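What follows is a short report on a single structure.
Per-chain numbering from 1; labels A, B and C assigned in written order.
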Amino acid sequence: MKFSEEFEARFAEMVTHYPIKRSVLVPTLLYVQDETGFLSDEVIAEIASRLDLTELDVRNVISYYSMLTTKPRGKFNVQVCTNISCMVRGGEDILDHCKKKLGIGNKGTTPDGLFSLEEVECIGACSWAPAAQVNYDFHENLTAEKIDRVLDEYKNKGTQ
Amino acid sequence: MTKSLNDSVCMAFLVSHPDEVRVVSRRFGQGATNLERYLELDGYKAVRKALSMEPDAIITEVKNSGLRGRGGAGFSTGMKWSFVPKQSAKPKYVLCNGDESEPGTCKDRLIFEHDPHSVIEGVMIAGLAVGARSGYIYIRGEYRYLSVIMQKAIRDAYAKGFLGRNIFGSGRDFDIYWHGGAGAYEVGEESALMESLEGKRGIPRIRPPFPAVVGLWGGPTVINNAETLASVPPIILGGADWYAKIGTPKNGGTRLFCLSGNLAKPGVYELPMGYNLKQMIYDVGGGIPNGRNLKAVVPGGSSTPCLTADEIDVAMDFDSVAKAGSMLGSGGVVVIDDAQCMVKFALRTMKFYQHESCGWCIPCREGTDWLKKTLIRFHAGGGLKKDIDNVQYLSENMLGRTFCPLGDAAAMPTIAFVQKFRREFEDHLEGRPCPFEKEGAVEQLPVFAD
Amino acid sequence: MPDVTLTVDGKKVTAPAGTLLIEACKSVGIEVPSFCYYPNFSLQGACRMCLVKIEKMPKLQTACTTVISEGMAVTSDSAEVKQARKGMLELLLGNHPLDCPVCDAGGECELQDMTFSYGAAESKFMEAKNHRDEQQWSPVVYFDRPRCILCYRCVRVCGEGMDVWALGVQNRGVTSIIAPNKGDHLECEECGMCIDICPVGALTSGAYRYKTRPWEMKHVGTICTHCGDGCKTTLGARRSQTGLEIVRGDNRDKSGTNGDFLCIKGRYGFDFAGSEERLKQPLIRKNGRLTPSTWEEAFELVGKKFTEIRDKDGGASIGVIGSTRTTNEEAYLLSKFARTVLKTNNIDHHRTADFPALAAALRGKPEATVSMADVFTAPAILLIGNDPTEQHPLLAWQIRNNVRLHRAKLYVINSGPIKLRRQATSFTQIAPRAEGKLASFLAGDDAASDALSGSGTNNDKEAWIGLRAQLRSEQNLVIIFGSEIRGRAITSLVKFGSSIGGAKFIALADYSNSRGAADMGLYPDLLPGYHPVPISSSPFRDEWGDIPHDVGLDLPGMVEAARASKLKALHVVGSNPIGRLNIDPFVFSKSFVVVQEMFLTETAVIADVVLPADNAYEKSGTITNTCGDVQLLKKAGDISELKSDFEMMVRIADAMGHDIHKLVPFGGGERADVGFSRGAQSGEADRHAVWLEMQGLEPKLSPFDPIAILDEIQRLVPGYDVSRANLVAGNSQHTSLSKAGPSTQQNPELIIPANDNLFTSGTLGRYSRALKSVLESHEIKPAEVAAD
């Protein structure tokens, strides 16, 4: 299993931060996933062996965290918050709008593999609600027009 | 996938109000992520001062300042530090809780974004106070851009010799590491956070022993919220008396209040402890827009029981809000106007806890699921009269009986919703779908026979 | 530890400091309900069933995680506490399928029991339950997810108890599930302990699923017949056309030395008993072919032929091969039968450990052996050779959990990286076949160290000397050794042990009653109790009368005699020497061969007469495990056409015209039932009968009653004078070798290890469908699957 040099350098440094190796697991899984898109069996086996864990151990951990996934997602993961602060400011309308615009449901992925959509819990943007994250980017004070613009921008970027 | 389209998209908007007292937020918008700039703005002065103090003196100072945990429970920070044993066979640690996931809360984000070094400084001072030699700053996975900022800040501090060996030439060593989560609210709970940091599922630990005695990797550990830690350097520099006087008795200093919901001017405002809630809503937050009226306020993040419109004349400090039957919590003030359905609000709150329950204990795992299911049916008009009592009965069966406070966090607000808005629950009965929704917006469920 | 006194529901409770509240309550009969709490495993505090009120605490507290403290005032029966329990059950039942009528655990389910106690039967929920289909995780383990209440017992028994870690918890919240290590299936040691420990019917046994209901079975706690460790297994038997069919094996009894433990063989390996291939009728060779016959015909023939040969060619022309799986009474009887009826000392068995050498070395050394139970509490253990994980699963469990719970020091010296090294304080790899030298080295022969480090090991002489010094400093060291150590090496090892004070020994033999076979004298030169032939100097002279004076032939000797046409008859009881010991079947072509067997084994097919036998699950008696712990075997299954080996020997003796009163001292004891077993006094009579049995005084009315021989064994075999009452109560009783006869040196070559692994069990194992299916599903060796 080959990962990028950037990842390897980060991993090599991060393991030294802890008295016990497995401690590096959670952030490592997220960084790997950023590169590979999802955590495949192969990735799991590799990480398990690096950290002297069983694959079961690693799977137990992956399945706990909502950002980690063992299934492929779209290139841009649109995560719309509908939690209370966003909800009272129309977060659900934003989600519905995205569903219509992308033509997919919650946890769906567009056929071109560009977008997937996810309804998420509070992302820490309550004072700027309604909000969404596309991958790690925050988009706040959303309106239907604004999310349209945002999605178009990603689409351009993704198809360039 | 990591790269942002452009960096600016992540920046949260800053607001201001004349009543604000800027202690934690004093460097917001000043470019203090840059270490040089931070130093110009009194950066790392507090830790230098702390280096010349006896550990007990630091703890006393923090105790006297009246600083109470900003993570939610409001426990005296100085007191917490004093629980750490002086002698320990295992290394001691300081842990900064930057998991910020409580719905309605978005303040730690601003600290990391605008003033990361203040957190580093806070962690260092806590370390000096309890005799720890290393600290971890745990930031939730969704805050990737903040992790980038924080990692750079740590690197810069090392480069200057502020961290690592012989800090500030004092002969003492101190290390700080960044650590990231991957999406789990429960991991914000202190013992679950330690599990997560140790590379495990975020399942809380049995207490006692408490983290101050047995924490990370079995070593004594101080865990504090990011805002709590960022409040420490000003206290060391300005003195306990100065800080204490800003707030109310036993509630020293300021708080970053995250005003959200149906407000004209939502935002994160730093206000003195004990600031009046009504004023906070109508003056600071600009009142309820669109000609609507206030229906309810969730005063301290989604796990705190709501206050009705006529219960808001309350001083926002831990003790006063508790007296009013709720909790100051994590500082997330969610304002709800009269266009909102409280059943739906209760449902959305429960949906969150159902999703975030770690599943370890029966009452929380099963209770949140049944409450969510029942509320979905209810909201869709499939409710029966007995369900109202049932929701309350179920919540009461969870309350105080779960393994960690998440179960309480789900039960407490629900009980309040039922008690304070029973009328709205009754309006949903017997096949009547939500009166607040546009027709056809909710799929109507069949009514079960009683 | 000092005692702490508290009150529970007003009752005063005193318990050692550090005791958990839930245990303290139990000690005075106050049952605090729990699902997730399980003694000796890590605390979970997850099920919240054990909530109690503790004075001065605002919230209810979990009794399973609370350590008692002085003056604590606890309430466990208030309305608040009862409501908490009821509420918890209501929540659990909300998603529970309530398919009790078809659930294997129905009637034995802790959730059912608690619902019965706390009344949560009325459902508060009307939403659909979350459903998932049942999954098969291995040939023997099924998982029914909706029934799972997430108590995490299975996860802990598998990880903490077994060190296998094949089960995990995945997802979170209400979607949390127990997950097997290989996605949709398990790869593990297949011990099935997860099934026993599951409080509900979420984990069920592939061997038992949907077969019957618990109350339709007779449950018999008896001793497993597979390896030499002597676990108690609870067999569930149900009426069948031919008698009683065993349909389930598990460990619900938990009264054995094995406590919670049971391995795959003890749990599922009973099914050889119900194999289609069981012999059901005696067979006599007619015109070269084995042909069914009647029992009368068979005994008459055997009696006639044995008598003829003995009287014409002399007893020395008859050979006898005994069993390592029959009872002590049968082994003893065989030894006596051979010598007093057949008049031959040509008797042997498949030896897998050198007990005669151990007996000789320990003679006169009291308290130099330990029981299986003691292994769990020993402060330090030295394990030389063997791989207990594979060959002595209970022993491995005892060692592992002793280390985990009591921090015992474990020293492992082995030629391979056995799994127990993971628990070891020190693991030292030794060159293959150098274990004998190791014994000399430990006893002080420094020169022997040169031979210890072969290729592949990297210990220098210094390391060995350091290890020896460390071992010498251990008080009360338990030394456990495999068949690698035999003959003089045992003498050396005992010499070493004697020099360090308090050392105790366990020799590992492979079959369920290998130890009994040795103790009961299935040797050509040793009588029961390691008394050498001739009989003149042993306590047997008065009771057995005259027997041949000369030492008999051992197994290879018999083979040689047969080859030279000097072995006219061979009597094989419960053994398969041709299949297991590589003996050329044709050497016996001129001998009259009688085989008592369950199956048509490689040995049975060459017989002239095959007598179908009961197995250990179909009879009573005692057996002795490899440590020397005697336990009572209880009859569970029954096939009415068959006879026990015991009865067959008696009947052959009878057919030979022998006075069977001389063979079996039956008819003694107290009066028989004098008629008050019915009617108003019947209870009295029952109690009287139990008392008689406890005292060993019950009437032995039949010559086939093995207890009659047990009387003789207890009288004559040193060490076997254990408490009868304890035996009958189902407890194991340790026998000591210190008073054994002087014993003799044996040819070490005669020890041939069985080399069984977790999933095999000599000839028996081949007839177990469950073991075979598991073997087939495992391509890799079980001990390798767990995480390092």
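List of remarks:
Operating definition for what follows: a residue touches a chain if its C-beta (ideal position, glycine included) is under 8 Å from a C-beta of that chain, and two chains touch if they have at least 3 such contacts.
Since we're looking at a predicted model, the values are computed, not measured.
If you sketch which chains touch which, every chain touches every other chain without exception.
Highest C-beta contact pair count among chain pairs: A-B. Separation between the centroids of chain B and chain C, computed from CA atoms only, is 57 Å.
Work out the mean CA point of chain A and of chain B, and you get 22 Å between them. Per-chain Cα centroids separate chain A from chain C by 53 Å.
Listed for chain C are residues 169, 171-172, each touching two or more other chains. Multi-chain contact residues of chain A (touching two or more other chains) are listed as 60, 64.
Across the assembly, chain B contributes 184, 201-202, 355-356, 358 as residues in contact with two or more other chains. Residues 1-2, 4-5, 9-10, 12-13, 91, 100-106, 108-109, 140-145, 177, 179-185, 196-202, 217, 258-262, 266-268, 298, 302, 332, 334-337, 340, 344-345, 348-349, 352, 355-356, 358 of chain B are the ones that touch chain A when the two sit in their complex.
Listed in rising order, the residues of chain A touching chain C in the complex are 52-57, 59-60, 63-64. The residues of chain C lying in touch with chain B in their complex are 43-49, 51, 58-60, 65, 83-84, 87-88, 90-92, 94-95, 124-127, 130, 149-150, 169, 171-176. Those residues of chain B whose C-beta lies close enough to touch chain C in the complex are 184, 186, 201-202, 206, 354-363, 365-370, 373-374, 377, 390, 393-394, 397, 400-403, 448. Taken in their complex, chain C has these residues touching chain A: 165-172, 179-181, 786-788.
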